[in-house]
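Okay, so here's the structure we're looking at.
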Amino acid sequence: MRLRELAERLGCELLGDGEVEVRGVAGIEQAGPGDLTFLANPKYAGHLAGTRAAAVVVGPGHEAALPRLVAKNPYLAFARAVALLCPSARPAAGVHPQAHVDPTATLGEDVHVGAFAVVGPRVRVGARTVLRPHVVLYEDATVGADCLLHSGVQVRERCRLGDRVVVQNGAVIGADGFGFARDGEGQYHKFPQVGTVVIEDDVEIGALAAIDRAALGETRVGRGTKLDNLVQVGHSVTIGRDCVLAGQVGIAGSTRVGDRVTLAGQVGVAGHLTISDDVIVTAQSGIPGFVEKGKIVSGSPAIDNRAWLRSTAVFAKLPELQRRVRELEARLAAALGKPDGR
Amino acid sequence: MRLRELAERLGCELLGDGEVEVRGVAGIEQAGPGDLTFLANPKYAGHLAGTRAAAVVVGPGHEAALPRLVAKNPYLAFARAVALLCPSARPAAGVHPQAHVDPTATLGEDVHVGAFAVVGPRVRVGARTVLRPHVVLYEDATVGADCLLHSGVQVRERCRLGDRVVVQNGAVIGADGFGFARDGEGQYHKFPQVGTVVIEDDVEIGALAAIDRAALGETRVGRGTKLDNLVQVGHSVTIGRDCVLAGQVGIAGSTRVGDRVTLAGQVGVAGHLTISDDVIVTAQSGIPGFVEKGKIVSGSPAIDNRAWLRSTAVFAKLPELQRRVRELEARLAAALGKPDGR
Amino acid sequence: MRLRELAERLGCELLGDGEVEVRGVAGIEQAGPGDLTFLANPKYAGHLAGTRAAAVVVGPGHEAALPRLVAKNPYLAFARAVALLCPSARPAAGVHPQAHVDPTATLGEDVHVGAFAVVGPRVRVGARTVLRPHVVLYEDATVGADCLLHSGVQVRERCRLGDRVVVQNGAVIGADGFGFARDGEGQYHKFPQVGTVVIEDDVEIGALAAIDRAALGETRVGRGTKLDNLVQVGHSVTIGRDCVLAGQVGIAGSTRVGDRVTLAGQVGVAGHLTISDDVIVTAQSGIPGFVEKGKIVSGSPAIDNRAWLRSTAVFAKLPELQRRVRELEARLAAALGKPDGR
């Protein structure tokens, strides 16, 4: 595609030769002739002069010798360019002869069902949805239109996925929540998990993530929220819209997460609490209680991020601080004598 | 079901109108007419007055306007009520025509084998056990009676599951332990993992949990123990009875965990150590060595829980403590002069 | 096998009766008559006198009454002995009639394809590779020779595995990386993940591990590196040779890990940074930035391991330190009066 055409389709300003042909996409260090690249993270700005790319997507105010597309949000513009230049192949509509679709299931138009996929009794699958091989949909599950479920995804009974939901390989939606009642002898008895899971539109769920069904009622993941790999969402949790949960995050049961919340990698959240809108939790932190709207918190247990940064700086010098206290005690004892009663 | 009948079947005291009909179950905030609800966590006591439930299961001493069942352990009583009111549908006995059962395998009475399940050579499956679609049992595996293995569960060669074991979707039992011997050039050579895994009766294993086979001998999970999602149990680990391991817990190889131990979410336990009976480890803690019977420990590395709570409180004020030490030094220097030799 | 023959095949010195017959292998406490055992971890040396094993593999300088093989690296020698005494059964070559192999795929000599495995269009599988049941290879994937992929492994489109790669059950190679561009309204848009994953020769990947494909270019795991269960490797990460990543480790996108690096259990590594060769990161640590060659680091955020050990020792005594500061302030105030301005 000519750079000029790409600029028009993306709605970007074009600087330099618009007749340049771009055929592929690559990172700024790896790009070769014919590639479009981008600069969004200032960490990589030094590579701009030396790139062999044919063209670059940049933010406003960047000087560069090569042809460029200027976008307010260069990462977003480049993401759209990638979608245009490298469209993903969609499997053809139809049911693989080695799949198992229950006769009571309903498939929308142009659905693709891969080999060894299982579509259980009374399942409904919306138009144009793709079920790759080995997807399992238990009885009464519902999957919306234009979804993509990769191989090995399991959706349990009665769970509901909205439209345009993407689920990466091996994720499990609707396994029983972890609910057991302890008796007087210390033995645990299963609390039947009779609730369900609702995944709203435009959610993406990472590989090998587990979103448990509610004990009662529903576990819910809000519209547009993105979950990374190996994330654990406990029973009856509610997650709002446009949140980001990075890899290996865990949320215990009955917690409510607001809208536009970011939980960085390996964060843990206790049960039965609320994280308000627009909160950011930094990596490996642990949330023991309520978090106010818009806070950035860190540590385990988490505190205000700036306070945590200061405390961790002192933590690294604790032995020195201890020694200084010991010296103060010695000097004071030398000057004033030992404290009373010692 | 009439509330009176439910009270009798649960062995609960009935207060109020026993002729009330209960048809469903719900949380105290979500319950509508016809629902039974419960109150176990005092955090939710304020909702008792406003609930629209038909009846409630409570502990002794609660006043309420609506009909109620009084149980010493209301959560346990309610769990039993849910099992009575919402019995789970059991798939019909029989082998799906698209399953693969090796001719040398032995299936007990009324076993269910779902689509695309694989039952390998010489496998034995006990009576009434349910293998949902896509369960894989490698050669010589044994599964007891009345078990439920959800779709995507993998059980490796020679591993043994007891009776009434429940395994959630995608869990892996008996993958090779992580054992490699390093040679003089720094390269790793596999230590063949020739041991096995034993899961005792009444264990439940969460979705996408991994319980590795022993290098030699066996990895063992004791009777009645419950493991949550994404838990990692290393090779040759022994876990006692009636333990609870919450989501994303990891235990390194050859560690022994006693009976009635609770490991909260994301806890990590090092290898070759012992955690005694009745220990509680709070969330995200790391266990580097032996833990005495009955201790509650926290932190990474874990220390006594109360000491940890006090230390974390000071941690949040470390910059202030550092400033106070600096001021003491300044005042003392002003009063006494600088320390010798500086 | 006679101990004498085993000594010759392993190249070990034999001390004691070489005519002893060894039939099995076992840990030093569990070994019975006929078993070979070993002593590598000094923690278990006390069990040497009491073992019932027929023979033992030890390091130089150990006295023992029973016949023994002396090896500089007893763990490595024993690993080789186990491979000789307990050879693993390899499934017979051939494609299971219930597998699905696309007609455009190429299978090398003596490949085994298990039940319900899926080998997609244009996939190439090298000689003698074993695909257990339920392995899924997406279109254009490549798997080398002498590999072993356990049941439930998913390899996505265009990913490439070298020779002698072992993948434990349920691992996912090449799922989409976690890349989303946020727009002005706070909504996330998918960055198409058009890159791939390269797994070099002799790598082993644990159960339920997830190695994401690159956004652009490739994610790479270097020759001989071993990954444990439930490990998360983000998009465009590069891991060097002969590394060890223990259970539940997570590495965020675009990070570079050098050669011979050890990441202990539950370590988290932030994105876009470099960990140099020969680094050791202890369990549960978090890496926020560059780590120099050969360093041992600990904590979250990680600092030098020895400094961290000293700081954690003081951490446990923080309340006492705080009290001592308070006493110093009181004594100084008594002696000198309160500080100015208070």
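Order of writing sets the labels: A, B and C. Residues in every chain begin at 1.
By our rule, contacts are C-beta pairs under 8 Å (C-beta built on N, C-alpha and C of every residue); 3 or more make two chains touch, one makes a residue touch a chain.
In this text the structure is predicted, and so the values were computed from the model without any measurement.
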{"item": "C-alpha-based rotation, subunit A on subunit C, 0 to 180 degrees, nearest 5", "value": "120"}
{"item": "Same-site or different-site touching of subunit A by its copy subunit B, using the half cut", "value": "different"}
{"item": "Inter-chain centre distance, subunit A versus subunit B - centres from mean C-alpha coordinates, in Å", "value": "24"}
{"item": "Residues within subunit A bordering two or more other chains", "value": "98, 116, 134, 152, 170, 208, 230, 248, 266, 284, 300, 315, 317-318, 321, 325, 328, 332, 335"}
{"item": "Residues on subunit B engaged by subunit A in the complex (per definition of touch)", "value": "25-27, 30, 41, 43, 72-73, 75-76, 78-80, 82-83, 86, 88-89, 96, 98, 114-116, 132-134, 150-152, 166, 168-170, 204, 206-208, 224, 226, 228-230, 242, 244, 246-248, 260, 265-266, 283-284, 300, 312, 315-319, 321-322, 325, 328-329, 332, 335-336, 339"}
{"item": "Residue ranges of subunit A in contact with subunit B within the complex", "value": "98, 100, 116, 118, 134, 136, 138-139, 152, 154, 156, 170, 172, 175-176, 178-184, 186-192, 194, 208, 210, 212, 216-217, 230, 232, 234, 236, 248, 250, 252, 266, 268, 270, 272, 284, 286, 288, 299-301, 303, 307, 310-311, 313-315, 317-318, 321, 324-325, 327-328, 331-332, 335"}
